[in-house]
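Right after this note come the structures.
Below are two complexes that have chain A in common, paired first with chain B and then with chain C.
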Partner chain A sequence: MGLLSDPNRRKALTSLLTRLNTPICVVCYLAGIAWFMGLAFEPFTLRTYMSENAMGSTMVEERFPAGERALATAREFAAHKRKVGGMPVEWLVKTMQARGLEVFTQSFTRTLPFPDENKERYMVRGTNIYGILRAPRAPRTEALVLSAPCSPDNSNNQAVGLLLGLAQYFRSQIYWAKDIIFLVNEHDLIGMQAWLEGYHHTNITGMDYTPLQGRAGSIQAALSLELSSDVITSLDLVLEGLNGQLPNLDLANLFHAFCQKIGVLCTIQGKLQRGDWDTAEGYTHAVQTMMLMVLKQASGRPWGDHGLFLRYHIEAASVRGINSFRQYKTDATTIGRLLEGMFRKLNNLLERLHQSYFFYLMPSLTHFVSIGYYMPAFGLLATILLLRALDLWVQLGTPAQVTEDGAGEVEPVSINNQGVLSVLTPVVISHLTGVALYTLPVLSQETAVEHFPVSETEAVVLTAIAIYTAGLALPHNTHRFISGEGTEQGWRVLKLVALLYLAVLLGCTALINFSLGFILAITLVPAAACVTPHMPKALTALAMVLLSPGCTLLYCVFIFQELQEAPVTLPEGWMLFLSVISQGILDHSLYGSLVYPLLALLIYPCWLLLWNILFWK
Partner chain B sequence: WGISRLPALWLKLKRLSLVGRLRRGTEGKWPRLPDSCEEELLIRPLHSGDIYASFQFRTLWDTDFLHQGKKVSHYRLFPKSLGQVLSKFSVRELHISFTQGYWRTMQWGQPIVPSPPGAELWVWFHNTVADVDGNWKELTNVLSGIFCASLNFIDSTNTVQPSASFKPLGLGNATDHRFLRYATLPREIVCTENLTPWKKLLPCGSKAGLAVLMKSEKLFHSSFHSQAVHIRPVCKDWQCSSTAWELRQTLNVVFDLYTSGQGKKEWSLFKMFSRTLTEACPLASSSKVYVDVTDNPELFDLSPATSVLNTAVVLGDRRTYSVYDLTQKETFGQLRSLNLVLRWKGESDMLRPLLHAERYVAGFGLQTGEIHTLIYNNHPYRAFPVLLLDSVPWYLRLYIHTLTVTSKTRENKPSYIHYQPSKDRLRPHLLEMLVQLPPHSVTEVTVQFERALLKWTEYTPDPNHGFYVGSSVISALVPSVVAMDTNNTQERPLFSSFFPTKEESSYFVRVYTEPLLVNLPTPDFSMPYNVICLTCTVVAVGYGSFYNLLTRTFQVEEPSQPLAKRLANVIRRIRGVPLL
Partner chain C sequence: SYLFIYLFYYITTKATQFFNSGHTNNWAVLVCTSRFWFNYRHVANVLSVYRSVKRLGIPDSHIVLMLADDMACNHRNPKPATVFSHKNMELNVYGDDVEVDYRGYEVTVENFLRVLTGRLPPSTPRSKRLLSDDRSNILIYLTGHGGNGFLKFQDSEEISNVELADAFEQMWQKRRYNELLFIIDTCQGASMYERFYSPNIMALASSQVGEDSLSHQPDLAIGVHLMDRYTFYLLEFLEDIHPASQANMNDLFKVCPKSQCVSTPGHRTDLFLRDPRSVLITDFFGSVRKVEITREAVNLTSAAEQPVEATKEPKSEPLSYVDQLPVAEIIHQKPKQKDWHPPDGFILGLWTLILLVFFKTYGIKHLKHIF
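Our next item is the complex of A and B:
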């Protein structure tokens, strides 16, 4: 860094950076996007490989024979479910006990902050049932979990049937070294949250639950099973968990290895593997798969029951049976054998899964992009913010050249006094707006329902959108709090602050949840880099709104639907957008997802600062 | 004298199948031999449908080397290896157990001899010992060799001196816990290599008597396996005029009917041990098989039937046993072998033992956590006190101010607390409490802890497995369901007389909770090189130069003056003329 210590060379470097600032920024942005798109290109990615020794070379045999009996159990379960009109608690307890498990139940209640219209629930009351298979000669220190949700409708019965079948089969085996917990949870994620909080005796989300009676030590790994038909064509692996957390890559490798061994079609994001990476279609397919993963991860919500385990440092994934119109079908015995194999390998583990990657993206089940490969894409985008900040810093540091008048002599002093105030005021006001956006929608739902003909959910979502839009009017009013006019220096200081703030925010977000950070960076970085008060107001304002976090969410909804091959029309997309907002708020209060508070309390205020600069007077 | 060679002689004779005749013929001619041994097998069908087999072997050694201070060099039935250990280290009492698995109190009720998962060792030294810690250290190493176990891992970081929980079980009323050492190794794995040296301590080895049943491939194909050695001084006779050493070897196994029975609920000695009994150990003065038939005939059928019944009060419950005396020839019947067969009839469900406990770690993340210990008193109307002993390794830093004891949502103040804080890398936490359990209640003891970051050499080879915290020990006098029989004490079976009982209305129970597996913050050991390189680069290049840039003030330096000018200036300064 002798380069920077030498004032002459430093001057040369800074002048180069300020002179070429815009071209460098443009190049960085394009390079960042190109790098990201390149990640899905197969020669640039790594092949997955099993890192964990205990699961790699050891042989296990899969002998689960009782698929048909499991399906019969599933039908019996369905009948009892219909009769009781919900979870057949007594029947399940009796059936699990008959299979030689220690059976316990846990009841829980949870009142949602506002009714969930997607799943039609408000006051949730349910029971989780779990049976523990005690490993012989093991001291109850380690456990594995196999869970199946009990859905209110007629789906997922086969999963429960197979779970009971596996319980019976596992009970008669002697090789278990870890206890196995068979869990049937009601009300999917809410029940799972209640069970996990009960198991770890924590209360993060204000759930009411009865304490658990039986435990089996620290849980090493968990699989969640979703199966709604007697035969399936493929198994889908779901990895994305709460706040974009992912299980160790070895769990995905294990699943893939057994699918290969047993000969089951396996997919990720519902997309089959393709062999032709060198054709345009093959590449597009990989990009679609990876983009789906990025969008799902960015949403920060658990995409299966496994998602909540990850907070407790338990490696977990969901296995979902898919029945499409393909010819080749797989029966329940084969799925049972696959799960048996996976559990036997997990049973062999000496340590927790830790050898492989925790941060990765998967363009297919056989290839992955590790953190070292995808971070540069984000780094290139973040560099733009730093370059613009440097440019502004240099401009601010040389005021004499800009104003050669006598007034220039006095200015630096007045900037310091007024500058702090003129920067602080918009910062505080936009953050207050953020706090309003975070708190008011849920708080004011009753008032809104009284005065407008809308349901509670609509009230919450529309309040959120209203506050979001109202924030746009702020710049016209902030100047009232500032004495005097905003100066040329003033907006530069504000923009410098906003740029650095955004860089820190996005950097931290990308470290925890790369996808979220990257998606936000794609839209926010150009807005932050370009905005000045001297641009044509109307046009720039439109561009700024289009690049705001709310609109980013809207695009994501459309892109997601497009990638899932279920494109939607504009009004449908809008309705979906509204439900996504309500889901986001619910995820935050039910499971502690951090995306909504991040957007409302930090990203949105930061964008408001940029909006302020545009309307600087 | 020749008697020391007797066991070998007996075994030779046994092979010639002359034992029976010889034994009857020579009885009464020989003087009464000083030592004696007894063997016993208890079979108890458990409520869960499992079957519990408990072997006890008792060897009495009529010597008193501690008082006389003389060296003992003569051994007959008592194993020499243990006798030498006793005399060399001035051991007063020694209890060692190796257990694989966890005793499921909820399904199986109370065990005859409780033990925690892993290895447990507690020793009372004689109060003449000056250097207790030194003796303890050597003793653990010697025992490690005798039992082929990792007892040498017992050091000051896992040894405690409980003040109240472990009282001597034998003669003498020692209360000074300076002479007591207690340690557990929850991670110890017990297998055949520990069983073989244990079998060698038996008077008949595994050649004759009940010990022939101990086939390791069957004993370790079970739900629970525990073997133990207890040595203590006891009274030699009823009046307690002189003392003797008692060596009790116990082996407890629970067989899982479900996994190995293939659904058929039938059990026999042959199925359990792949052997039948053909004879008693010729050296044993008594050799019996007890089968708990209290629940008969609702639960199972027993064949061959026996008319000899024995009633004993075990763990506060009056039980009835069918007794098979192996020293009687009639026991073996026509086939000259005894193969007990049990056929199950009924189903059964969970028990409600009067006292049981469980323990778990609450919370998530790698910084803090909370240890919860739940103690259940299921007695409908009696409250009773329990002693809780917790020994927690130093790397879990207990926040003792967060210790709470609650029963029925109210604070339950312990009447006695003994707490010894840990010292990093030197000694563990020791927490002992006397807590009164209200009737029909759950008492919850919670204490928060912080996970320490270890030095990188202190991690075990598999650091991501986690670190073990030994079981807590709950010792209690539980109110008895039936009053104790006081008469007829001499003929009680061995398994009913392990813990000395003083009060008639209650019985002593020791309950162990499950050990805990706790994850500590673990660095990624697989890439130290990368980490070192990255850290060094960041520190050296990034941080160093930025710090330099931020703290240094820059100014334009005057070009240095030529040498001639400087010299001229020196001269001008001397002259007092203004400088150039």
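Our next item is the complex of A and C:
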């Protein structure tokens, strides 16, 4: 007989499973954490290499000469910006036309669901200006984008100046095989979203914009430039985009190759690379860099203007110039040469970047970990959920006390049928609470502002937290609605459903955004695996609250600040936490970020199910 | 006088040596199999060999040039209408008089094999045909990306060494060559000549099985590698050859040693009947103009006697003009057979039967109205 159909062997297997369940779960959890931490250890990573043949080993000689002129243009731009008090549209249009580009503008308006206190805007109205450099001999089928944001304060002037300088230099070359679009967007991400939506004729986020008059073909790659000083000491590469999507690794490889060739200091996450991987400091440095990337990816927000391009399958990255206290300074001409080299290499592309990895983690700019190496860490955590589910299935299948064979066997079947129905009620109620958490904060901000002396943003955030905490009181009330439960089997069925649901949810999340899935798994998996109604209530309740998604977010905020080397005190951290929640809700309505809906509609109800199990009577 | 005799003997031996090769015309088939801008060097390779071969005397009508992509007019070329083979742009091998016979997507395995074996549709122009005969020496030069036993054409198909060997055997059996020199500059190029089994083939390759052929030097202004190492040194060697040069194949085998090429060039001479030492470079790379030295005088101006016609040719009917054209055959053709129909009587009888049955069923009295 087969392994699973032979009752004796099956009994032996299941008893093995029941006996060893807890030890295996603990081992899996520790192994998962250890695997994840080991990813940053340099011998376990691979050196980055250029995968795309077309961008291969040949280098070109960069000849961009006009760095000083670009800085002069930047100063002009700053003066006009101050005079107009916003984006100097006429001056930019005139300057771009003088450089021989085809210039077009796009205006857009957007009313945020509630005022954004970080950037101090509520009703946004702006203009994007872009100039197209047509390829001299090529058909207009493909394009590259270079963008610089127009910031309201005195930053990013040099970026616009360098963009205009490069436009003038590129215009006099004949080797461009793709059109190049030089874009200056206002109100950073909102303007970029309006431009992209207009370019691709979509309307995902409900923005109001004028249609684009000029178009250049399908965009193959995009670079966003942020430069706020005349000289820099290092260039930082920002890769994380919307919903944790990353550009193709070849773009990072290209950037690194040119940094090495030209001799500019390059960083990722603002951290320099160290050579000593075998010392403790070297390893912690790599772990810090990787953790920063993980946290940024998990937040699901675009960390540069490039982040919105990724949704349209356009590989994009942001290059940020940093001026810190270092002796060796790089001037604008060198940065211009670096960008020229990158664009000439991108010009050689025949197809979209697709040869290298799309899913990776970078503990440093020269080393990466691909999906095949980091996914087992999550897999080990998911195994815990599946093992626990198997254990529960076994327990449900064999009744605990068998008085008579007949009665004992009939019971679990009927209890199972009844149990599934009774499980439905907590599931529905938890999801309704999730829906309330998703919709009510934004909808009820007017009523909240009427009754309480808070601003709209605070109202939204505090309503969210209030609904979250109100969910904790649910188990005491839902018991009135549930009939015929309260048995031993009932909570087991609910826990089985919750475990499988959580496994599927976290698995799907980890596939799309590994960092988010892994961080949620770290806290939710032990909670889900260990919770039973028989544990001491007060202590377990405290542990459950500490492992809830909201508190996970709080820890992440504190850890992020620590890693950025700007640690915060508790009250400051709390204020930061509130602003993170408001940013999450805004990101969802402005750009379509999925982190807030995921947490509110799916993860939070799952956690509520576990909370229900804890207070099962 | 001994000196005079010695010189005379020397000249005649040289003269006999001159005629030893046994070929009367030269052909060249030069193929570049890769597309895309980053394979610039393969086009430059082929154009360099083309240039040498033309310079040494083979005319365009005897060269079949196949280029899979157009580098000179590629949008990314900073120097349009040029293909350089040396950095700092010293040598433009594209020039003004390049005649490409197969261009772009026409360079396929099928077309290449059809050119070699001569199985081309009748509409193919002469410039696209290899019209060689059994006294032709053919130079075949291939370059591109290759592997162990295959050569990649156009990023979508491959030719294997077995196919190539069979094509050469077809050429031998159809008497399409006297001697063949096969040069290949790809990675693992030696695998392509392993399977040859036809006589009179000499083969050279730029690298052995398991080795990669490397490119020579990038040009920073253009942004690509300009040539492959083997062909670069081959071109350098050929630049010293002139139509009267006496350099032989052994010198060619020495081109690009491992120190310069990094890969080990290989050659194969076991199928060749002559000793490579006696084979001149110009036997394949140049075009020999046959000169016959004779010691007798030829009388061109005296009245030649009319040859007596022994038999009178039979008188044939004078043909009218139109009868000589092929259309005459069409006009006098038998008419085409029509499709078979059942005989007419049968149809008549059938309708009569139908009518009778009809009237039988519905009453004979209706028949009276008909008749």
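In this section, the second predicted complex is superposed on the first by the 590 of 617 C-alpha atoms of A that agree within 3 Å, B and C clash if a C-alpha of one lies under 4 Å from a C-alpha of the other, contacts with A are read in each partner's own complex, and residues count from 1 in each chain.
Everything below uses one rule, namely that contacts are C-beta pairs under 8 Å (C-beta built on N, C-alpha and C of every residue); 3 or more make two chains touch, one makes a residue touch a chain.
As the structure is a prediction and not an experimental result, all values here were calculated from the model.
Chemist: May I ask you to decide whether A:347 touches chain B, chain C, both, or neither, giving the answer as first, second, both or neither?
Modeler: Once the two structures are laid over each other on A, A:347 reaches chain C alone.
Chemist: One more residue to check, A:235. First (chain B), second (chain C), both or neither?
Modeler: Neither: A:235 stays clear of chain B and chain C.
Chemist: I'd like to know which partner A:53 touches here: chain B for first, chain C for second, both or neither.
Modeler: second
Chemist: Could you look at A:174 and tell me whether it touches chain B, chain C, both or neither (first, second, both, neither)?
Modeler: both
Chemist: According to the stated criteria, A:61 is in contact with first (chain B), second (chain C), both, or neither; which is it?
Modeler: In the superposed model, A:61 contacts chain C only, not chain B.
Chemist: For A:310, using the defined touch cut-off, is the partner it touches chain B, chain C, both, or neither? Pick first, second, both or neither.
Modeler: neither
Chemist: Looking at A:384, would you say it contacts chain B, chain C, both, or neither? Reply first, second, both or neither.
Modeler: So A:384 meets neither chain B nor chain C here.
Chemist: Considering only touches as defined above, state whether A:217 meets chain B (first), chain C (second), both or neither.
Modeler: A:217: touches chain B, not chain C.
Chemist: Please indicate which partner A:134 is in contact with in the superposed arrangement: first for chain B, second for chain C, both, or neither.
Modeler: The first partner, chain B, only.
Chemist: Which chain makes contact with more of the residues of chain A, chain B or else chain C?
Modeler: B
Chemist: For chain A, give the residues common to its interface with chain B and its interface with chain C.
Modeler: Overlap of chain B and chain C footprints on chain A: residues 136-138, 173-174, 350.
Chemist: Quick one: which bits of chain A touch chain C in the complex? Just the residue numbers, please.
Modeler: Residues 53-54, 56-61, 135-138, 173-177, 344, 347-348, 350 of chain A touch chain C in their complex.
Chemist: Which of the residues in chain A end up touching chain B in this complex?
Modeler: Checking each residue of chain A against chain B gives 1, 4-5, 7, 97, 100, 102, 134, 136-142, 171-174, 200-202, 215, 217-218, 311-313, 350-352, 354-355.
Chemist: Can you list the chain B residues touching chain A in their complex?
Modeler: By the definition above, chain B touches chain A via 100-102, 104, 106-107, 117-118, 186, 220-225, 256, 258-260, 262, 349-350, 358, 360-366, 370, 372, 462-466, 468, 514-519, 522, 524, 526, 541, 545-546, 548-549, 552, 554, 556.
Chemist: Contact residues on chain C for chain A in the complex?
Modeler: 36-38, 74-78, 80, 218, 220-225
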